[in-house]
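These notes open a run of structures that come right after.
The following pair of complexes shares a single chain, subunit A, combined with subunit B in the former and subunit C in the latter.
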Partner chain A sequence: MNATASVSSGARPLRSVASLPGVAWALIALLLTFATAAPNFLTMGNVNNIAAQSVVLLMLALPTTLVIMTEGIDMSLGAVLSLAGVVLAMVLVASGSPLLALGAAVGVGLAFGLANGALVSVLGLPPFIVTLASMGVAQGLALVITDGDSIIIGEQLSVLVNGSLAGLTMSIWLALAFYGIFHVLMHRTRLGFYASAIGGNPEALRFAGVNIRLYHIGIYALSGASAGFAALILTARMSAGHPSAALGAEFDAIAAVIVGGTSFEHGKGRLFGTLVGVVAVGVLRNGLNLMNVSSAIQVSCIGLLVIVSLLLDNLKGTR
Partner chain B sequence: MKARLITAAEGSQRRNSALRISPLAARFVVLLLLCVGLATVSESFVTSGNALNILRQASLLFLLASGLTLVILTGGLDLSVGANVGLAACVAGVIIQSTGSVTLGVVAALACGTVVGLINATLVTVFRLPPFIATYGMLWALHGVTYAYMAGESIHGFPPAFRALGSGYLFGLPVPLLIAVAALLAGSYLTMRTTRGQEIYLMGSSPEVARLSGVPVGKRLFLVYTASGLMAGLAALVFLARLNSAEGDIGESLTLPAIAAVLLGGASLFGGVGTLLGTAVGAVILTLVLNGMNLLGINANWQPLVTGVVLLLAVVADVIGRRGDTQ
Partner chain C sequence: MQKNNIGDKAAGSTPQPLLQLRGIGKSFPGVHALKDVSLDVYPGEVHMLLGENGAGKSTLMKVLCGAYRADKGDILSSGKAIDVSSISAVRALGVAVIFQEFSLVPHLSVAQNIFLGREPKGSIPGTVDVRGMRRAALEALRALQLDIDPDAPVHALSLAQQQMVEIAKATSQQTRVLVMDEPTAALSERESARLFELIKQLKAAGVAIIYISHRMTEVFELGDRITVLRDGNRVASVLRGEATPDMLVQMMVGRTVDMTYPRHFADKPGDVLLRVEGLTASNGIRDIDLMVRAGEIVGLAGLAGSGRTEVARAIFGADRVLSGTVRLHGRLVSGGPEQARSAGVALIPESRKTQGVALLRSVSENLNLASLGRTFANGIYRPGVAREVAQQLIARLRIATPSPEQMVKLLSGGNQQKIVIGKWLQADAKLFIFDEPTRGVDVGAKSEIFALLDQLVAAGKGVLMISSELPEIIHVCDRAYVMRERKIAGHLERSELNEQNVMRLAIGATAMEEATI
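Right after this comes the complex of A and B.
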């Protein structure tokens, strides 16, 4: 019952803004801090910059929302994204066809997602350990096929990063399209409803005759395929595929989802919250960059953001 | 999820009453078969140098996996052990080089590991974060702090007295092996012969029963996560002494093997099942596999892949074995 309520409230963005968890306050505090501490923060160029940096994160955080709603987790996303990135670069260099390269990258992601989903849903293995193991496998494969080297692709995909349409860069359009697709999946198809039920009340689904495995595996497959697609943007931005390019990217994604108000219990998911969470993590990274804080320390700050958001939620009693 | 926990608990009870010894015996058989296999395919495997080398590597892995075993027995997980080794080793290395005092470095590494363990325990008990999320966040936070602390520098060359911790011999045996055996004995006493140890098992096999029967759950969680941190600090010293150098990424590749060793040793991710002796055997098995790859001339790039597959197989065996128990 709870699960249904939270899903339908997510369909009305305005109301979910009003009920937004601690992340909204955290984001406002971050914006105020950086606007005063870093003079370049509020320029148009920098806002575009934040958006560009957040695109890959959004593409990982949206499927992660669904996965976490099933009381699961996908720790392999960063490693799969890195592997898909080098596969994309290799196929692009060998064939010269961006479409074929994208197909290969999505295929790799999909294969990992299907394997994760099958192990979790059919064999009933704990998701975090399955995806931790597949993280090792993906990381290892990326090292083995590249021998640890980068694969340079030059400027072939730079139109995705630099090209713009109606004032927004191509990658932002892709991110918006991604959000649109996930919004429809979550609120207009059974997938969103079943995702929260798999986490909240799998027994009821089973009694209702729903093929749980199909949807459970489908959600992990979606997660892997999204990572494969995100590899396109990542590789375009770096002009190269590198076997450890995105290791740990799932940490930012999980952080964005948690601060966005999606809970590990009872299948509560907030897609719009995840979007705000992605912006919060993006703003935090960007602001710390402007203040010359090393990317290493930024990770600790994201961890702190998670804890502060959880604390604020505990105080407000929204969880 | 709840249904799964209950079956895990039932499985552990049956296993404890009827066939307590046989899973461990099975692991010794696997270990023997691996040795025989490696001895036939590689001539250099049977040399005493290689045997001591394997024991030394396995000792390091066991030290890291021993504290982790306690955490896994409660049904939790500590993904930060590798990163904890990295920070503790770097802190110890810098302190030994700048002050020249080995004692100070040793104390610093142990303190550093323990503090990280205390923070993990706080995140799990006070903030009620799921253990794998809390310690996974800690993993990246520690990487960050370590990189910032080392600022891309690497340090090497430590006094012989310190290096003995990693590569020295005592009574003809490698020092790391002696440290690991001491840890195994102390840890086994804690888990098998004390009330605290029994409470740790109970928390993993039947959390509800543990809570209702008055086990101080929070205190015991602090005990296991702090122990895991302390053992990571100890492992960092052995690792640093053996490598004789330290840089920012020093512990990165250690977490996955440590978890794999615990699960290979027969501990269940659902908690309540497992022994430190089993983990020791698991550490030797995994070391044999990786060492064997080395002897066969397989590129080290394959190691994360193989460790991942081994981890997966161990989990599959755990879950399927448990299902067999309950049916």
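Right after this comes the complex of A and C.
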């Protein structure tokens, strides 16, 4: 069995690094470009800034990795994040309890996730349509309950953004914790295994006697709940809940996941790739900000980043 | 007496059947897939299941593994009726099934796949004991003397290795009955030999194996007991020593079909229309030589998966040709479907609804679809002209439609098939390749379709017809090629065309007889 030898040599712990996605090269190119072209890019303050901006994106992109592995998609993430943000701000203002506020935000996200998951898994509706519809519902609700205004919370949560521990800002700690949790979910729990199986061969799961719906719904619920949790960071950073604060955030999340090497086919997922993708998107946005490029152009640039990364992968023949 | 025969293998007293199927019946809308099938499975025995396309083998397996629910009949284990209503219930009985489409998840590791759905629990609640799982997977692989890395993602393995992982998956749990559906279909000879060794090991360990096969050599190399199915019935179960290839072929053929075949055979065929030489293509077919003359219906027979559709696709240029030539009227055809079409080749694919007609468009639009450039040379579509063309074809082919504007979806299968044929007639095709032309149409429409084929060849066209229905090949074709394992296994002239001869070639019985003589 000659093939065995070649397989085993490539399949060791460094697998995720060995199969560096095209986006890693794109990231290196971006870093070099901004380091020379954008003033203040390479300062400690700016690195913390990128991290702070990327935490929210990471919290959306990590669960999106699992959703995409199931050959699904969650278009509602940005709107659910906005809605959870204003709910969080309202509860915080009314009760003064950050924990209660966080609970409410996660609850809102969870409810949307469960509804998405049930519609997709039990009724078999297409994920794109289902989550596009719930995106509309969430966005509308966010505008209705706030009358379109921001809800100012002041500096109550600013420790989450500005505080630091052992030399790293809270944002970075939160990002690491989130990544750690998802690493365990992906590689040490059934949820992660089955996300790959739902996309790669659902029939196999069925023949293994697994309750597929339970896990399928669970993955969408996780996505919604993560958006609810991300609302905490977003609201803290803005010192307010705004009904359209996260407009289009799902675009960044999906882009980060795709450039990271996760595929809409065969249940292929790359959590580490998603991390790299998030950093690339974060660096791109930050660098363009420093160069005073408008946010509309930034979206176009992220689109180009996706295409360039896919082209690089194509050249390497990994897709 | 039979029991004694097996007793010495099964170590111990009189062997009881591990599993008994009694009078299993299963119907689907329009199809009576299984009528009355009984089967005994003994420990340490390989039970071969033979039958031509549509005999009911796969349905039987799906009933056995709980994927389908039988309409009638019982399954007994140690003499007691058992519950096979769900996959997990069957699993608990120790029955594992390996289907042709593997039940592996491509981007999970070998270990994750082996333990899919029964992952060992880790020390932290909710987690999986990944190390323990890896260790257990390694043990399962070693027990089968397999050198496969448990951490390798399954998609990186060869087909043969994937097949072995499937078996490890089955043997790592308490499997008493292992069901395999054509396990060697995708394997090379060496890989098959490895699989057979494995099967012999399992046999020695007392596992009962049900093995569906299309290859006569395997049946005699591995089988202890052979059951032949036909038309959803069990024809016979025999021990290997009692069987000959010829006898098994006799039992497989002879499906009852009540219909007449309107065919007028011409006295002498016309000029050579299509000549294929040494055709090898990226889809796996090798060294195909065949020829179709004007005025002939030539059959392309063989069992499912033998490469018939692939030959059609390669001739049409839909799959990449690696070597060999396709000539129409002596002129080379190469470069893809566009060129094949303009040379006069029409491919009428098997899945009519997805590849043959545009279901939501009108009869008229469909009939004009392949000849737009010819009918409307200036590039402007004129509905009136299209309608005229359509009306002529509707009359000529007797398509039953209220009007040319009727949506094709609303017509019967037979009429849809006529529309596909009409479309190519209008495109002035000379060679028609039909892939299962009568699939999904009722008996009356079948007869009409064959009348149409007869008309086509009477008008000097040539037809190459792929069919899984032996009677169609026998009664409709002037000559037939029979495929086996992606090659032409043989050619039969009209005088030699009968079900036994076709089946012998398809299943490889002739090769074996020659080898043994």
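Rule of thumb we're sticking to: the second predicted complex is superposed on the first by the 305 of 319 C-alpha atoms of A that agree within 3 Å, B and C clash if a C-alpha of one lies under 4 Å from a C-alpha of the other, contacts with A are read in each partner's own complex, and residues count from 1 in each chain.
Here is the rule we go by: a residue touches a chain if its C-beta (ideal position, glycine included) is under 8 Å from a C-beta of that chain, and two chains touch if they have at least 3 such contacts.
Please read these numbers as outputs of a predicted model, since none were measured by experiment.
Touch criterion met: A:Gly140 reaches subunit B, while subunit C stays clear of it. When the two complexes are overlaid on their common chain A, residue A:Thr189 makes contact with subunit C while staying clear of subunit B.
Touch criterion not met for A:Leu290: it reaches neither subunit B nor subunit C.
Contact with neither subunit B nor subunit C is seen for A:Val308 once the two complexes are overlaid on the shared chain.
In the superposed pair of complexes, A:Gly248 makes contact with subunit B only, with no contact to subunit C. Note on subunit A: of its two partners subunit C and subunit B, the one contacting more of its residues is B.
Taken together, the two structures place no residue of subunit A in contact with subunit B in one case and with subunit C in the other. Subunit A contributes residues 1, 3-4, 7-8, 10-12, 184, 187-190, 193, 196-197, 200-201, 203-210, 266-269 to its touches with subunit C in the complex. Partner subunit A is touched in their complex by these residues of subunit B: 1, 4, 77, 79, 123, 127, 129-130, 132-133, 136-138, 140-141, 143-148, 256, 259, 269-270, 299, 301-309, 311-312, 315-316, 319-320. Residues of subunit A touching subunit B in their complex: 71, 73, 75, 119, 123-126, 128-130, 132-137, 139-141, 143-144, 147-148, 248, 251, 254-255, 258, 264, 294-300, 302-303, 306-307, 310-311.
Within the complex, the subunit C residues that touch subunit A are 65, 67, 86-88, 91, 97, 101-109, 112-113, 116-119, 122, 126-128, 130, 147-149, 151-153, 155-158, 161.
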